[in-house]
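In what follows, a structure is listed as structure tokens, so that the remarks can point back to it.
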Amino acid sequence: MTIIDLIIIIPILAAVAIGCGGSARVLALAAAWANLLLGLVVFVTLVAKGGDEMHFKSSWVLLHSPELTLGFAVDGMSGVLVLLTVIVTFCAVRVSSGDLGKGSGKLYYISLLLIAAGALGAFCATDLFFFYAFHELALIPTFLMIGIYGNGREKVATAWKITIYLGVGSLILLGGLIALYVSLSPPGAPTFDIAKLAPSPGEHPLSAEVQKWIFLPLLVGFGILVSLFPFHSWAAPAYAAAPTPVAMLHAGVLKKFGLYGMLRVAMPLLPEGFEAWKGLLLVLLLGNILYVGLVTISQRYLDRMIGNSSVMHMGYIFLGIACCNSIGWGGAVLMMFAHGISIALLFALCGSLRERLDTLEISRLGGLGGSMPFLAVTFGFAAFASIGLPGFANFASEITIFFAAFKDAGEMGILQVATILALWGVVISAVYMLRAYRSIFQGELIGERYPADLAQSMRLPVVLMIVILLLTGFFPNIILKLLPNLFEVL
Amino acid sequence: MLPYYLEICVVVLGSLMLCMELFAGRRSRAKIAMVGVAGLGVIFALLMFAVCSPGEDLQYWGIYHFDKWAAFYKGLALISTLLVLVMAREFAPVFKHYTSQDEEKSGIGEFYCLPIFVCSGLMWMASAKDLVTIFVSLELVTMGFYVLVAFMRRNVGSLEAGVKYLILGALSTGFLVYGIAWTFGVSGTFNLEELSVVLAGDDIPSAPVMFAFALLIAGIGFKIAVVPFQIWVPDVYQGAAMPVTAYLSVASKAAGFIVFLRVVDPFLAAPSIREPAIYLMVFVTCATLIYGNLAAIAQKNIKRLLAYSSIAHAGFLLMALPALGAAGTIAGPGPESAISFYLAGYLLMTLLCFLVLTVVRVATNGEDLTALEGLGKRSPFLAFAMLVGVASLAGIPLTVGFFGKFFLFNIAIQNAMQNGLWIVVFLAVLGAATGFYYYFKIIRAMYWEGSVSEGEVTGLKVGRLAMLAIILLVVAVFFFGIFPAPLLGLTL
Amino acid sequence: MSIAFIILLLPLVAAASILLGIRKKANLSAYVSVASAGICFLLTLGLIRGSGGEAGAFTWLSVGGLELKIALEITGLTRGMILVVTLVGLLVHIFSLGYMRDDAGKARYFAGLSLFMFSMSGIVLADNFAMMFIFWELVGVSSYLLIGHWFQKNSAAEASKKAFLVNRIGDFGFMAGILLLWGATGEIGFSALRETLEVQTFDPSLLNWAMICIFCGAVGKSAQVPLHVWLPDAMEGPTPVSALIHAATMVAAGVFMLTKVTFLIIAAPVAASVIQHVGALTALLAALMATQQSDIKKILAYSTLSQLGYMVMAVGFAGFLHSGEAVGAVASNAGFFHLYTHAFFKALLFLGAGAVIYACHHEQDIWKMGGLIRLMPVTAITFLIGTAALAGLPPLSGFWSKDAVMAVTQNSTPLLIVGAITAFLTAFYMSRLCTIVFFGKARSQAAREAGEVPLMMRAPLVILALGAVIAGFEFAYGWFIAPADLPHPHGALPLVLTIIGVAGIVTGYLLHRGREKDPIRVEVLVRKFYIDEFYLFLVRVFQDGVAYLAKAVDQLLIDGLIVRGSARLTVGVGLLLRGLQGGNLQRHVFLFGVGIVIVIYLITIALG
Amino acid sequence: MMPSLNEYLMVSGLLFAIGFAGVLMRRNIIIIFMCLEMMLSAANLSLVAFWRFGNGQGMPAQGYDAQVLVFFVIAVAAAEVAVGLAIIVALFRARCTVHVEDLNSMKG
């Protein structure tokens, strides 16, 4: 049993232990701590050994035809995402407390741990089947969490929407994955092992036409999971309605699954399939950046706005992926990490605002900076991180992606045009973030209440996330060192 | 030990139980059920260890076959009967409420015995490769079910369901016999192996063969609830007693499917009619997928919901059919083993759900979704068990239901890639997505709804045997959801 | 670690330590910040006497062949600029000790100043576009933080937001330009780019586009038309901030950046022409607007705009002339020279204005001041020196640098005329300001009670005044620009300029002496050509309107029609199918029969 | 003249259809039940006819499989009647009706 197996099994065991009557918060915290430490160990080990190859391999063959292995391993890319997951999980467990009045604490923590375990399993799986299966593990916990502990009047409708929508997405994805493994398996030996499916360099067994049609369901499936325009309408309401830790985990970690899948599965295995849909993808990702950006501007509620902003930023990651070079993919992974932390941070802060205020309607708030300076400052950090200010990892990733698109671009192609348009999103995100910040924290105090500042218990996770963003923003090579030649490796 | 001794054992067991009932007087009949459970357990052990001879295809008198599938489906029949008995015992209070509080007059002893005889029919069906045998065993099963469905004689729903099942069942029998007659007419044989040889010939007139095929589909399709012959399912499932519903949806369907496969196989194997037969199957599949899944959306009665879900599952199972006879071109488990695996998984998860529902039914006296409200607080374990069952039905990964669906999708997608039958895949995706909705409605009822104040939190009373069964089923659902190989290996 | 790196990082350390540790101790925070500024200044003195060239590098980001470095480059202009930054920075820090003495957010303020010093040094020392862009954004943030220092004031909060957003628009272009250049050449280092451009030839239209885009960055940061609107609003910040950021250094960063890429301007004639004209337009419009303002800081802000326009115009002449041969680096040197002198006298003017405001209890309306020369003589005299320098009276620094700029514009008659008019207007509005504020009699109680500011605030004024006097002499600039590299005016230009300046001053004095309000009121100038209103309209109608439309489409079409619609459709079909199940036995039988018929019908079709 | 296979089939088909029509139209469950029996008999008739003309030359097929099935069908029909009538009696006791339109407590 490797350290990676441990990381995946610990939350599951903790969930089982809670279910069997253990003390929910203690066990969840213990599991989160353990995972955080193990995740750091994994990360450090990867830094030492280099991220180009798979490490910590383990596998149990479950079926022979088709070959199905319960196997885990990490390379640089999954290492980064594992790190992201353990950090966000830790913070999510730390900040959860406010919603517990509505139901059983056990169910709450079990759901959280299962979501985390699912994400970890999906990121580490070496097998297409379990890559998919682990992600689905989050479906029911999310449904329960939003339904029982959710916020707002629309929580019921929202819980249904996210469940069904993501369910449809996963099923489409499943279809694509089956078509993929069937087509790419070596003759007579069907297998789900991603490594064995990879075509030998230079020659691809599938014609461009076949690749094209297999790529489509993968794109749509992953797209739905990542809230690619126009499949994005589940995301913002769900994040607004979800209890804080779920929003953090879902927006911060789980959503990255689709992007990870693009990089791990769709792009390397179907390069020509991507070429066929490149134009479409560019249009859609511009939809994310520009159209959803505009939608974000006109949101009236803070939680919705943050949710939409998260949808918008997915466009940049897709842009990085569409660049098809190591710079872009490295930037995309870095952005997954950066966005994961920053959106989790925003949701954590938004959640604590929700606990303190009667409403999150932006225009009915004002001047809170005076009475809650800590929250105002940390929210400022989060907002600036999210709009890609230098010093935060988000900026490093954005600029990497932009440079990637122009690598060796002597003249303007569609990718370059799309990138220039996408650049405008930087302005859009500044508009909505600063407007909200100005309206909520600055200006004259609206209303008579002086709500309390951020609770002491919340400060550690919040500061931790800010420190990580700054650290990786000042030294993005910490992350990028693991992904020097992602494109070539995959 | 000869395989057909198993059926004899079952019949003997049933007779034994009847004798016990005869001499039981006014005493409790619970022991009879226990004897049944124990006996079935022994017979299952015999099947596993004394009889099973993998790889060998035994034939007796040309009408009784014993191959790996026969063994597999016999196993399914035995286990489901066993669990239904456990369930029936748990259900006894409700049963008595609708018959008589008196042990003797209520007829609960017979209620325990009848499934045993039905089981023998189911086991015989698994071995039948001859239209006559199929007909007889099928009727044996159906007849048992007529009685079981209508058994609660003071319950209007049960009687109504009984009559509906009786009339429609007899109607389907008529079509089946008529179909058998026509099959005999075009081929001159009842034996399915001979039939496939005859049908493979060139000079077979395709129109009457297809007519016969259509009639057979109607007759057997009725048992496995495929559209457009599903019409009885919701009413009968709703009206029948909980264990009977479970039995119908699991055992009857599983046995129906093996028969269906065996009957359809020669037709699909015949080159001259393969094409139209597949065309017909695809239509039936699509209709079943749509109907089962969509009509389930608005259901409020759990049994009715599960009835539609049972139709939907039939639709998923049918997806594998076009691949029949095209073996070797499919990566992964072939259609027969995928279907068998799915049915086994279906048995586990459905019986799990029905066991929980039985307990809830006894406690709350309700069969609507509202009866489940607050279960998450009243009895976290039962709610969890139900959650597992429902998740598996919906096809959430790491449960056996997902693997089942996965193998079927695997086949359907490969079919589509080869033949362009994408409509089936599309509808299956739509159906599975709809499934998330109506299955999750159950989860919703258990966890979101209903406020139980602290004082009311009283665990539901669960019999020890039922509890054991529930735990085992939960474990099995997870186990086979992660390690499908042991179960799949039995079907390959 | 080289000196330059220490200059760069020390303020960051100061800012971080204030934020993390000592923010509760306001005075300590202030001293830490001032100390860091002081040390930086001393180090700068060391640096500018040392040799130039590379000063070390740190690979910030490297992936798949892309390497972005934090590397420092020290050239002549860099030295001049870093001196301006650290010197003015230090003086403003000291001045702030007095000005912000009782402010509640003192620690935050000084942290912001230190952060600014860090970011600004980064821009100055950057050896490549990526690094410059990073710090470019960071100065934007520090500017945002400082403008919004009094964030509980609605106007300050709005102003800081506006400044940041307008700058972001410029940065959008800047980044696009950098990307275009990188795509074409594969280089982002300034020296590497220069070498590549010398060796290889590139598509001129691409270079033009790239340069125009890069210029957008300068337009945003240096507040050129049409992105000038943020700078006047930015006066909501504390006055020392206006002196440092919005007069002397940050807004000059655009010009500084342009001088750094002179080689590119030379290679992109169309862009050069655009730069010239934008600069000229800004100079003229801003000067016009300045003549009618009544807020002392706003007048200075428009004046800054106008002077920045001069500089940009001059730099633009490096690249393109109707007459053919471009002026080349000489032109950008002229722009930079003006930047250098302007930093001193404009910082002086702002600090002087700060002193006046401080003395008048935060009164900023010039029509409520008057006669201050008697009450605060040091402030008034230094202010007048600054005014004279700005008006271009010899032998003050402004005279020399304006001469250099106008010498460049002699290559194009229309722009020369624009320059001349602007020069007149500059003298005019400054004279108006001084006349109203310092002469005549006090117009309000606050002005009557004003007194001289403390030493801590006076000292910087005196030092800057000294700078404003001498910065134009060769000994003060020769160490970073050889006089030979500056343009020299032909003919009687210096004389003409002096006459224009004097004329402006005299006109201004005569017109406003003893007045209680403006003798000439030009509504369109008071309202700043209605540009703010126009932009507000654009934002309301286009941005918010389109955003609202997008939201509506999102909710009605995508979510409502497609997503929920298909869900509704599914449910509807389900209900329909469910309706088939009527419950009546004979209906069931009928449906069974229909099923058989359908199956048989299908078979007949299938059999053909 | 001896009737050919076709005539038998037509008669049996007719019988089957009449039976089905009866099931479809009659209200009384007992009569419906009788019609069902008629359908089974129709099937039996086909079976026997197929057997009689089984070898293709108008002579009976080999073996007696078809007859065996016919007997089974008859037996099954009898069993069905036994069970069915019992159920119908129970229904009558509970509801005092044997009309199908009264059986509508479950639908949808």
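In order of appearance the chains are A, B, C and D, and numbering begins at 1 in each one.
Here, a residue touches a chain if its C-beta (ideal position, glycine included) is under 8 Å from a C-beta of that chain, and two chains touch if they have at least 3 such contacts.
Just so you know, these numbers come straight off a predicted model, no measurement behind them.
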| said: Between B-C and C-D, which chain pair shares more contacting C-beta pairs? | reply: B-C
| said: What's the distance between the Cα centroids of chain B and chain C, rounded to whole Å? | reply: 76
| remark: Rounded to the nearest Å, the gap between Cα centres of chain C and chain D is 95
| said: Just the number, please: Cα centre separation of chain A and chain D in whole Å. | reply: 64
| task | Can you check how far apart chain A and chain C are, centre to centre, with Cα atoms defining each centre and the answer in Å? | result | 36
| query | So which stretches of chain A touch two or more other chains? | reply | 164
| request: Mind pulling the residue numbers of chain B that touch at least two other chains? | output: 163-164, 167, 171, 234-235, 298-299
| said: Where in chain D do residues touch at least two different other chains? | reply: 20, 23, 100, 103, 105-108
| field | Listing of all chain pairs that touch each other, if any do | value | A-B, A-C, B-C, B-D, C-D
| In the complex with chain D, residue positions of chain C that touch it | 578-579, 581-586, 589-590, 593
| field | Touch list for chain B against partner chain C, complex | value | 163-164, 167-168, 171-172, 175, 206-207, 210-211, 213-215, 217-218, 227-229, 231-232, 234-235, 275-276, 279-280, 283-284, 290-291, 293-299, 430, 434
| said: Help me check something: in the complex, which residues belonging to chain B touch chain A? | reply: 331-333, 376-377, 380, 384, 387, 391, 396-398, 402, 406, 409-410, 413-414, 417, 425, 429, 432-433, 436-437, 440, 443-444, 447-448, 482-485, 488
| note | The chain C residues in contact with chain B across the complex are 570-571, 573-575, 577-578, 580-581, 583, 585, 588-589, 591-592, 594-596, 598-600, 602-603, 606-607
| task | State the interface residues of chain C toward chain A in the complex, per the touch definition above. | result | 59-66, 68, 130, 133-135, 137-138, 141, 148, 151-154, 156-158, 160-161, 164-165, 168-169, 171-172, 175-176, 179-180, 182-184, 186, 203, 206, 543-544, 546-548, 550-551, 554, 558-559, 562-563, 567
